[in-house]
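The following pair of complexes shares a single chain, chain A, combined with chain B in the former and chain C in the latter.
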Partner chain A sequence: MSATLAKGISAFKEVIDAPIASFFSSCVHCGLCAEACLFYTETSEAKYTPIHKLEPLRRIWKQEYTLLGMLGKMLGLSKPVTDAELAEWEPLVYDSCTLCGRCSMVCPVGNDITYMIRKMREGMAASGHAPEDMIAATTRAINIGSPMGVKWPAVQAQIRHVQADTGIDVPVEREGADYLVVMSSMEIINFPEYLSALSRIFKQAGVSWTLAQDAFEATNSGIQIGASDLAREIVSRIVVAAERLKVKCVISPECGHAFTALRWEGPNLMGRPYGFEVKHILEVLDELQKAGKLKTSGKDKRPLTYHDPCQIARRGGVVEQPRRLLSEIAADFREMSDAGVMNWCCGGGGGVSAITRAEPLRLQAFKIKKRQIEATGVQTLITACANCRIVLEEGIEHNHMKVEVIGLTELLAQYLVEESTP
Partner chain B sequence: MSHLDLLTFARGSALNWALMLFVAGIGLRLFEILGLGRKADLARPRTITPGSGWRTIAMRSLPAEGMLKRDPVTYIGGYVFHFGLLVTIFFFAPHIEFFRSITSLVWPGLPTALIDASVVAAIVALGVLLAHRLNNPVKRMLSGIGDYVAWGATLLPLLTGYLAYHHLLTEYTLMLALHLFSIELLLVLLPFTKLFHTFSLFISRWYNGDWFASKGVAS
Partner chain C sequence: MKHAQQPDILPGTVGEGLAQRGITRREFLQLCTTLTALLALPPSMASAMAEAISKARRQSVIWLSFQECTGCTESITRSHSPTLENLIFDLISLDYHHTLQAASAEAAEHARAAAMKDNNGKYLLIVDGSIPMGNPGFSTIAGISNHDMLMETAQGAAAIVAVGTCASYGGIPKADPNPTGAVSVGDIVKNKPIINVPGCPPIPVVMTGVLAHFLTFGGIPELDAQGRPKSFYGETIHDRCYRRPFYDQGKFAQSFDDEAARKGWCLFKLGCKGPVTYNACATTKWNDGTSFPVQSGHGCIGCSEANFWDAGPLYEALSMPVSVTPSMLGAAAVAGAAAGAAITWHNRSTKAAAKAAHKKVTVQDLTREEK
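Right, the complex of A and B next:
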């Protein structure tokens, strides 16, 4: 794709809608959004103030969509947005924003700043000002099928391992199944226990499910980099497979932004509502438990806490489900400060974990999570996002903390009552 | 031109022009925003919560969890200023009389001692908020000329009103005329500065509440 400033400006103009115009009109420059952003609170650098990250987009709005701004532009009084400025803003829009949405929860005038950053990335990508690492990941996702370069044979190898370990048949391309399971590359490469846990839980619960050869990857780099055309192509793979296999529901994996991409952005990218449902795995497990189909025995006696992935809790509404599930299997569950919809990000969402140069900043931002974990006094941290998990593990390692991170699905499977096959 | 002539002008044509520009400006700004429209959200909402936008309009006036502690000056200063200003505008007997003359609506006023205290509190809060803006690196970075113009345009009606009521600094008729001119300046500037948040925040909060609620989150 050829990126130019003109294309970027055009993309900026295209994404500006009534909500964005109202948000820019309402901002009183109070700076409270900074107090909600871990990149500001952990560095005290004013440039990380969320609304400041949108300055080029604000000027485009003013110059193109307000009478006074248009007059100013005609008279040559306004400052144009340049390539040099966008290059300067690239680390602000990508490296130091995880799209966690915390600022959008605190802005006194109600600005959804995260929505604006997501939209601004469209212009940044179109103008050629997206980080190299994210461009590479998106290119792999388009050309290979996964941002980490994972292909179907790698999934097949996983399936063989699961079948050998559990004796459970992992269904593939099963038409008419109730659920289509998709995964993140991170789960396929780093956390194979997810597929194993899922297979065991679904067998016990009698769930009809399947994997699809051409739609196993749930992550969507197009969303993170801000390229809607590419995001559409990536999400359409899952939509096409779900429709081909006639499933009733697609299960989004333990991955935050995959849920956002598939559940909330997907239908808008496709330009039509889905004919199937999309649920996060925690929603499905919660439903199974409520229906009495998820039987567990015993409780984990270790003190443990739960990290709410931003896209699943604050931007996804899955807050009570993990707590209900944990109440069945955890004897000493300790809630973190600011838990739930006000939880602090791991520091690696929104594509930040894919940006190599952002690592020092990400580790600095992790300090807030470190304090949160330490205040609970636990050595076991549960979460439901593979990206959060790897970012948390890196932060924990970097800070020499003795904390183990476990996926909730995997933990549930450890306490599963498995009946022998008749 | 005598002080009385000046006051007559301030109460007459100047006020009419200011009100016309105010109404036209508000109309223009609302059109600039709402005219852009937004695409329908095709994602199935988690729950149907039609009142969520209105809920956020009301609830966003309260600080989010843990935020008051992080920046008490902005929150407390903001509350004192807005409360003092609103009480003064809408519950000072001569102001109610003005509103009656243009809308025929009447409501009870508050004792002048209370109004007096509200004005002083609002002026002090404005001073504290300006000092905070100049000292806080984030606020200082975000601030431009528009922020300081808006600050001044908000202070002047409060200050001139206080001085006129207490017959301070200059002759009453002249100060009352200056009070009216300062209000007219505020009316003309409001639609075109950040003071427009008086209107647009209802739209912003509504969008915010509506979006979050569709995902099952009360914002």
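Right, the complex of A and C next:
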């Protein structure tokens, strides 16, 4: 068993569906998507035009699914897709696309280019043209349980830490709890504040929740690399655990693509509706605040801004919630240009942050974010995605900027009114 | 202090005529302001227009009626009194118009000859009705064929106004199979400026507006590609229709007496030709600004457009095909369905084969052997 060109071509044929066929046939070659892509605007290289990244897939569609294309193929007028070509396209489909979805927003004919890139990655992965680093991460996710190699004992260590710090008992494997909390491995390793903040907020709000031993990892490398079979295996761990524990809702953590994987792709991968809801942590916090269960006091006096993670705002629709939450605790909130659904990506989503060789390109693309942050004049940047946070911190470090990045949940917990245990 | 400054009233001018009829300068200025607005001229032009018109000698006008139904004349003369339209008629000297003139036979034709002689090169020729090019006997006046009368009268005209869709584009007489060989004025008169004022009939104020423009500026207004004044025919009925918001929301009446029709929803699906019809009905309206067809519950039939009579069924939505026969349509549908089925079958089998070839991907499948 190994990846071959034939498998890749077959996968391309398999992923071409009615939306893709109509997108390709309605593309008017206007090039507007280029201006929406940070890899194009920051490099001015035409090859980073989003629709161009799909060229091999477009040719397969044309040759296999259109009358003229079939004739052209028969007469040898159109060149077949080759390994060499796919190898050339690998950096375009992976390194320079964060699946941020900004191109899909500007397409005048409504083509969801991001959807097509996601599908194209299926053929790229099947033909062995996925970046090595992503293959390694996916292998760890399948074999170990987490793309960063995190295992349950690491989470247990975290739990003990939280319990020692806050005195709050972190519930594990509690059947019948309302919420199942899952995390990204970055939150387990890099940002332990998240679990601590969540425990305190949920205690104050009286939320019944639990962690699951076999489903603590929310990220899904299968989605990023483009291997639906593996993505299904990863997402099913959470689905099985949630249904075993009979929770009403699974809370997607401060991680962009985990939300996409769980909320949007998951039921399609499983081929059935879930028996529970999926909400992003910001949606849950917003609901708690609306219900008066999230009490804060005081406001952060630092000027601060909010970076909308693409998968949460643009692709996920969670735009108003962080603003409502911030309005309660921020005295000087400054909106970034293009904030909300048109926000610029941090440059590391869609698996790009895992690709080592993409780092110089990623840092170049970060210039747009740098300009955006500098225009607001703040030194405190709030976000709600651990991956955005790491990529932002790297970019900030690289550019010697004096900006601190904080997760929104964590900031919220700092202003929590903690009542004495009743 | 209302009339502190009286205009100079010269004998024989429009100003004198108006003064005789007891029309004050204030009323006259109001008329000019309205016309200025309708013609999309700057507001400052109102007083200039008043000056120009009141000092002008009454313009000699010859009105010829050919293959027509007299609807255009009805439209202009049946306006409610006292309106701009009536006033405007005091501004011109209508020297020949067989429906309106008292004279008949020899005397009538004499009036036309006299007007042509006295005002050679200066008179305005208004034509309603199309001109039969088949047998000249299809339509004659005083034994003169329509063609000959038009060509003779056009010779000394300063400009020609083709009133109504028949004179502008041939109209209903030209409708398929066009038994009389009807043509428009513009089809046969090539050496004179022609203003087309189409409509079946045209709106009275559009007529008077064009005349006022001619009197004020001594020339013809800016015209569109079909020879119509842009100030009145610049936008479609649809673009100015008060029911447009319903169209934008996809709210359509499905029949003339359904709930949606009673609620005043868009009549597009009932055949309204508003989207392709350029006219001022939706803005100036009819009968003293009372209403217009769409407002009364009937779609626009597109009467100010060339060949509107042959442009498909009046009660079929614009998106319906018009030029093909049912059998052609049937054959095309069968051929299309067959081609569609064939390509669908092919594409389905391509995709099914790809699906069948799909073996569950494992992590080992992500790496190439030679790598």
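For the reader, a short list of remarks on this structure follows.
Note that the second predicted complex is superposed on the first by the 421 of 422 C-alpha atoms of A that agree within 3 Å, B and C clash if a C-alpha of one lies under 4 Å from a C-alpha of the other, contacts with A are read in each partner's own complex, and residues count from 1 in each chain.
Keep this in mind: contacts are C-beta pairs under 8 Å (C-beta built on N, C-alpha and C of every residue); 3 or more make two chains touch, one makes a residue touch a chain.
It should be emphasised that the depicted structure is a prediction, and the values quoted were computed from it without experimental measurement.
In the three-chain model built by superposing on chain A, chain B clashes with chain C. Residue contacts after overlaying the shared chain place A:267 against chain B, while chain C stays out of touching range. Contact with chain B, but none with chain C, is seen for A:36 once the two complexes are overlaid on the shared chain. Contacts of A:65 after superposition: both chain B and chain C are touched.
Of the two partner chains, chain C is the only one touched by A:135; chain B is not.
Set side by side, chain B and chain C differ in how many residues of chain A they touch, and the one touching more is B. In the superposed pair of complexes, A:16 makes contact with chain B and with chain C alike. Residues 16, 65, 67 of chain A lie at the contact with chain B in one complex and at the contact with chain C in the other. The touching residues of chain C, counted against chain A in their complex, run 343, 346-347, 350-351, 353-355, 357-369, 371.
If you check the complex, the residues on chain B that touch chain A are 28-29, 32-39, 41-44, 46, 56-57, 60-61, 63-67, 70-71, 74, 78, 133, 136-143, 147, 192, 194, 196-197, 200-201, 203-209, 211-212, 215-219. The residues of chain A lying in touch with chain C in their complex are 1-4, 7, 10-11, 13-14, 16, 64-65, 67, 70, 125-128, 130, 135, 138-139, 142-143, 225, 227-230.
Interface of chain A with chain B (complex): residues 16-23, 25-32, 34-36, 40, 44, 46-47, 49, 51-52, 65-68, 104-112, 115, 263-268, 270-274, 277, 313-319, 338, 341-342.
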